[in-house]
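We just call them A, B and C in the order they show up, numbering each chain from 1.
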């Protein structure tokens, strides 16, 4: 295998000319970034935009006061037939409705996860322009399988977590990746396919139902 | 990767007769094209994003060796095992070795053009390992022994009734509806069990981040998440050109790709993982860095930009040739305008000499490309190589004669006069309806305007009479 | 202004009326129009077909013939595109005349600022924007601005106007069946407008479209934009 490594590196250097010398980090080009890297709009405008864009993906989305969240979570779960929901270890107590049977993720097998109706998670950052929530396997989000295997995903987004653009979100996520190497999952609406005659079908393998609550205050 | 020797014109001629293909394809390409146009129009800095995307990729190619070493180092530090493969056979052998080491007879696979390029499924099959395609369209094609006709929607040439009949024969004997939602549900049920029990997952990657060792898969259905999260072992294969320098650079491509590809603001799921995460996802990660002709492409300073491609398929959807012939006519894993410039470079122009000519040079692909690959320019470049690689004496003679005539104006006037005489028996009602070969290729479907009774320059020209 | 008229080989041979009309329009606007007898072909066919080296002497010939003019005007956006874009990129030619070479409608609208040439043309007309006029020379809506000011002309919109007609130079022969499929869709679109005339700024595309319409036997004809603008 190291033969292949050396051969490929040699081929690259030969293709690039310069007497087959290795390229140096100093040879790299500064990239002109004339595109928007921030969004100047007011936070409330961004929250509205986020809700509109999440709705465009046919996800359920609702702005809600923290005080009303518990009832709303219960209602949303029951509406989708969800009684037994898995919760990540760090999910705040305010986001754990008493009326539902909540199963803490104590190393559940995937088969056990598959038996559950849904999951409640928070998120790390959300993008208004694209209607995207980003999970980073933090304590209030849980490992990746949690938001993947059960058929219903309820996600709570705090209004202050919403940024305007993709670059703003990635700026927040960079340290999560470089320092902690945590995996990221960008979610924009429920699982979907358009493979048959381009007709969109929601729900193939990921959760078929995505419910997003936007709360004003952190718990 | 090989392409059929018959060449594009013959294959296109066959595909053009497939009415269902043309109808489906016409509808699909125009629908996606309109969606793309809408979501691109709402981005005020689209051109700046394209410029940045192009510059980032150019930088990657110019420093590919050092970025690959940085990527390898970051991945290793994050607990992954990095493999290098000079060609498809080496890459397939690495995957097979990992599968054998874990004693599995089946791996679950995310849709990946790179693995199609190296015929991974066939190769694993010979080793007794079944590679299960889990993308909905890829599953359909796999069940039917068919192959992709579009990068984004591979089964676009099939209709719902055909798919229902196929499912009845294969994975869902009880199915009685051809509603796409019911068909998708059947695929979900069939695959779920396999996902939950899979020991080894295989994926490609849309991007690899040199700085952090992060891999990125962009998808819609969630099968990508399943394959990259649930199996304890994951093998990700990526072409060496798939790198971006830094995590920050993804801010450009995660905007360009979904809007150009599916015409969505963002695709449903994007997964990014950096090596192995304790207690979350695969605990054994292999990354295969594949050359398979890419360093050959890199040698060509004009053609090199084909390596910038992020596989969005926007160029297919806007291409007037592709939207009529479909992907199979190109005979390659990479169809459409990008295929016409990438395939001949990957496998050698002498092995795909007709592909660079499969274009009317309308330029729509260049305008649509999110990383500004100047496809028409590369097509011209490769046409020159094709002419040198495959000698066509009659064409060479005709082109040489035309150039000889045009080198002097008196020759051109003389030839015009000659043509006026020669065409006389052919002109009826002011048009020519029939010409001998090879010009019969024109008159089979079109009339030809005759040479005019007098040349404009002859009548109105001033200055030196000869030269 | 002393303008060199570059007819192009296609117009000179098959559409002399388009070149004549181009000269007429420019002279009416008070310009001196010269038709150099030395002109032949820009070499686009050779460059587009893989015979770049054969095109080099033709390009040098173009520059030698037209280098001294204030402007060069041609009734073909495709040839102008080849001159402006491919001469520098493919042949390494760098001469100020390349930038001074323009297609007729872009010259009128963008250089002279003229949108009304005083034409009258009592027909129902649809306009096909050719690929190279859209994406290489990028003349924008110059032809439409001119057409809108033609007296008694009824302009009707062409569905899927920006789709290629399928000409593509030697593509029309090498891939004649694909080219014909593209042409059939273009002719359908043109006929659906009920226009009697389809116009464009490229003789080569008009050769394709006109040939297709003629074979179908309908009443719709392909006419070069210059001829419409020169009509009184």
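What we mean here is this: a residue touches a chain if its C-beta (ideal position, glycine included) is under 8 Å from a C-beta of that chain, and two chains touch if they have at least 3 such contacts.
Here the structure is a predicted model, which is why all the values come from computation and not from measurement.
Asker: Testing understanding: with touching defined as stated, what is the shape of the graph linking the protein chains, line, ring, star, complete or other?
Answerer: line
Asker: When you average C-alpha coordinates per chain, which one falls nearest the overall C-alpha average? Tell me, please.
Answerer: Chain nearest the centroid of all protein C-alpha atoms: B.
Asker: Does B-C or A-B have the larger number of C-beta pairs in contact?
Answerer: A-B
Asker: Look at all chain centres (mean of CA atoms) and spot the one farthest from the centre of chain C.
Answerer: Relative to chain C, the chain with the farthest C-alpha centre is A.
Asker: Which integer distance in Å separates the CA centroid of chain A from that of chain C?
Answerer: That gives a centre separation of 52 Å.
Asker: Find the geometric centre of each of chain B and chain C from their Cα atoms only, then give the gap between the two centres in Å, rounded to an integer.
Answerer: Chain centres of chain B and chain C, defined by C-alpha means, are spaced 32 Å apart.
Asker: Quick check: how many Å separate the C-alpha centres of chain A and chain B?
Answerer: 29
Asker: Residues of chain B that touch two or more other chains: which are they?
Answerer: none
Asker: Where on chain B is chain A touching in the complex?
Answerer: 24, 27-28, 31-32, 44-45, 48-49, 51-52, 55-56, 58-59, 62-66, 68-70, 78, 83-86, 90, 94, 134-137, 140, 153-156, 158-160, 163, 180-181, 183-184, 187-188, 191-192, 195-196, 211-212, 214, 220-223, 225-226, 229-230, 240, 245, 247-252, 254-255, 258, 262, 264-275, 277, 279-281, 289, 291, 295-296, 298-299
Asker: Help me check something: in the complex, which residues belonging to chain C touch chain B?
Answerer: Touching chain B: residues 7, 9, 11-17, 19-20, 23, 34-41, 43, 45-52, 54-55, 57-58, 61, 86, 89-90, 131-132, 134-136, 162-164, 166-185, 207-208, 210-212, 214-215 of chain C.
Asker: Going by the contact rule set out above, which residues of chain A touch chain B in the complex?
Answerer: Contact set of chain A toward chain B: 1-2, 4-5, 7-9, 11-16, 22-25, 27-29, 31-37, 53, 56-57, 107, 110-111, 114, 127, 129-132, 137, 143-145, 148-149, 166-167, 170-171, 173-174, 177-178, 181-199, 201, 203-207.
Asker: Across the complex, what residues on chain B touch chain C?
Answerer: So the residues of chain B touching chain C come out as 8-9, 12-13, 16, 22, 320-321, 324-325, 356-364, 366-367, 377, 380, 383-388, 399-400, 402-403, 405-409, 412, 416, 419, 431, 433, 438-439, 441-442, 444-452, 454-457, 459-465, 467.
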